[in-house]
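Each of the two complexes below includes chain A, the first together with chain B, the second together with chain C.
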Partner chain A sequence: MNDKVLLALGVASALYLVRNLYTMFMVLPDEAAQGAIYRIMFFHIPSWFTCFACFLASGVASAFAIWKKNFKGDSFAVAATEVGLAFTFIGLATGMIWAKIIWGIWWTWDARLTWAFITALTYAGYLMMRNMIDDPSERMRVTGVLSIFSFTSVVITYKAIDWWRTQHPGAILSFRTGGGNTDPAMESMIYQNWYALMLLTVVLVMLRFRQEETRREIEGMRRLAFTR
Partner chain B sequence: MLRMSWMVFLKDVRMEFRGKEAINASLAFALVVLILFSFAFDPTSEQIREITGGLLWILFAFSGVLLVNRSFVREQSNDCLDILLVSKVPASALLLGKTLANLLFIALVQVVCLPVFSLLYNINLFQQPVWLMGICLLASWAIAILGTVFAAMTVNLRLRELMLPVIVYPMIIPALAAAMQLTNIIAVGKVPEGDDLIWVRLLVGFDVIFTTLSIGLIDTILVD
Partner chain C sequence: MDQRNFTYMFYGFAAAWLILALYVVSLVSRGRKLSEQLETLKRTLSQEKS
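Coming up: the complex of A and B.
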């Protein structure tokens, strides 16, 4: 994607986020049981959706890269993973702030939280692993497989609230509960903010993807220069 | 393919038992950690019954990763790994054979450590021998298969001794957590039932998923 498209997407996501912030704070009322803090959910849940989407994209891109021996897929996978990991930490941080206020503690070792943490660790391992392998095609194969393996922990994180009795709240969105659980205006806000964050994510991933492609080119040229 | 896996298994076992490097180191390490545990908390208290499973499986995960780390490093001298890969042995057979060998090594560590733990901490782990064997088999398979696959990934790295645990431990937590819970239950002489069976399902599901994934993807990792 060229600079203008990326810039336009970036501006659009910024405007969308500002508009969402306005609705969140000026239009929507405080939640009956939790008060004002529930608004952090408008960032907490979309961050996790975004990070799941990034990790899914990373797994698919890795599989594609291995299958077609395509280095672009590899660059895309690392771009998506890095952005996804950033959103994982945002998700963890917003969750912890909410927990401190509602539960009175920052952290508890229930299945959802634990697996969210494991997910962060496995993808951090993926990024570390990339730095250690010098040969580009070996790096693509090995870390690609690692990305596919790591996705299992994303699935477990997502399903943890169904499989275990967790302190983390159960499903609230109507596509999982069948509706009637969350106020429609609030639920729509969650989605709206997710769309805005996804726009931002596309911009970040594409920027990072271009950097990675350039890095690979420079690496290739350097190798060529040394072998001559 | 199974015949070739068996050959790889026999080869690995024979090589290990001639040198006994990994198994001795791992056993010594496990025993040292067993003794260290007694300083971490009061070894005579009742409290220890509640953490038996946790202690044992942390121990087996540590010593297990020490063992699996060796399984591809062993092939590095004289480029044995390359020769194995260009031979008729498919990568999946290589993986299965090596995993079986690692399973045997981990089982040997367990055969020594379980009685020693029982004696030192006065907990009879053998009240449900069939359950104990089943749990050990399933959870050790999880450590062996994931460990072997990741050992194949990290074999060429400069810092592989460091990198292997970093990527293996987060990934095997589900299996370890299940094994810990189940071991805690049988350590007090009970049989897992009702809600506890979810841990058995988790363990079996984990093994099935990761064995399939590993066998499916090992070609990609090893074959250039």
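Coming up: the complex of A and C.
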């Protein structure tokens, strides 16, 4: 993706986010029970969707990289994981702040929150492990397998509210409940903000992907200089 | 605590934007360092050749 396309996508995502912020604050009313704080959900839920999408992309890219011995796939996997991890932290932080008011506590070790934390640790481990392996082929294989298997943690996090009784609220979006749980305008806002964050994510992943390719080029040149 | 829970809503939004901003800043600074490293290496290798 060239610079102009990335810049256009970045500007589009910024404008989309500004438009969404206007709708959140100026158009949508406070929620009857929660007041203004329910608006955190417009970032909390889309952040989790975004990180899940990133981790899925990372797993698929890792599988492709291992299968085809393709280093570009490996670079894409690390880029998607890193951006996904940033959104995981946003999801955790916004959730904790919402919980402080609604539950009266910052954190509880229920199944959903615990698995979300495990997911964050697993993908942080993936990024740390990359720095510990010098050989590029071995790094691609080992961390690629970790990325693929780590996605089970994402699935468990997603399904935790269905499989266990949790402090975390159950599903609210109509594609899971069949509708009637959330006001359509508020539900639409969650999706609108997810689309905006996904646009931003594409820009961030492509920038990080380029950096990883540059780093690989530097590694290759260093090896070349060393073997002379 | 305010009646509408506005303060904590502000904290939530601030946290989200802060994490995003910190990530973008780290991305830009790492990109800059990588470009410098690449230029230095290219210069060194071309000097060695000549």
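One rule holds in what follows: the second predicted complex is superposed on the first by the 228 of 228 C-alpha atoms of A that agree within 3 Å, B and C clash if a C-alpha of one lies under 4 Å from a C-alpha of the other, contacts with A are read in each partner's own complex, and residues count from 1 in each chain.
One rule holds in what follows: contacts are C-beta pairs under 8 Å (C-beta built on N, C-alpha and C of every residue); 3 or more make two chains touch, one makes a residue touch a chain.
All of these numbers come straight from a predicted model, not from anything done at the bench.
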{"item": "Chain B versus chain C as contact partner of A:144, first or second or both or neither", "value": "first"}
{"item": "Which of chain B and chain C A:163 touches, first, second, both or neither", "value": "first"}
{"item": "First, second, both or neither for A:40, with chain B first and chain C second", "value": "second"}
{"item": "First, second, both or neither for A:108, with chain B first and chain C second", "value": "neither"}
{"item": "Dominant toucher of chain A (residue count), chain B or chain C", "value": "C"}
{"item": "Contacts of A:66 with chain B and chain C, given as first, second, both or neither", "value": "first"}
{"item": "Touching partner for A:181 - first (chain B), second (chain C), both, neither", "value": "neither"}
{"item": "Interface residues, chain A side, partner chain B - complex", "value": "66, 114, 118, 121-122, 125-126, 128-129, 132-133, 137-138, 141-142, 144-146, 148-150, 152-153, 156, 163-164"}
{"item": "Residues of chain A that touch chain C when the two form their complex", "value": "30, 34-37, 39-40, 43-44, 47, 83, 86, 89-90, 93-94, 97-98, 100-101, 204, 207-208, 210-211, 214-215, 217-218, 221-222, 224-225, 228"}
{"item": "Of all residues in chain B, those that touch chain A in their complex", "value": "149, 153-154, 156-159, 163, 166-167, 170-171, 173-174, 198, 209-210, 213, 217, 220-221, 224"}
{"item": "Chain C residues within the chain A interface of the complex", "value": "1, 3-6, 8-9, 11-13, 15-16, 19-20, 23-24, 27, 30-31, 34-35, 37-38, 41-42, 44-45, 48"}
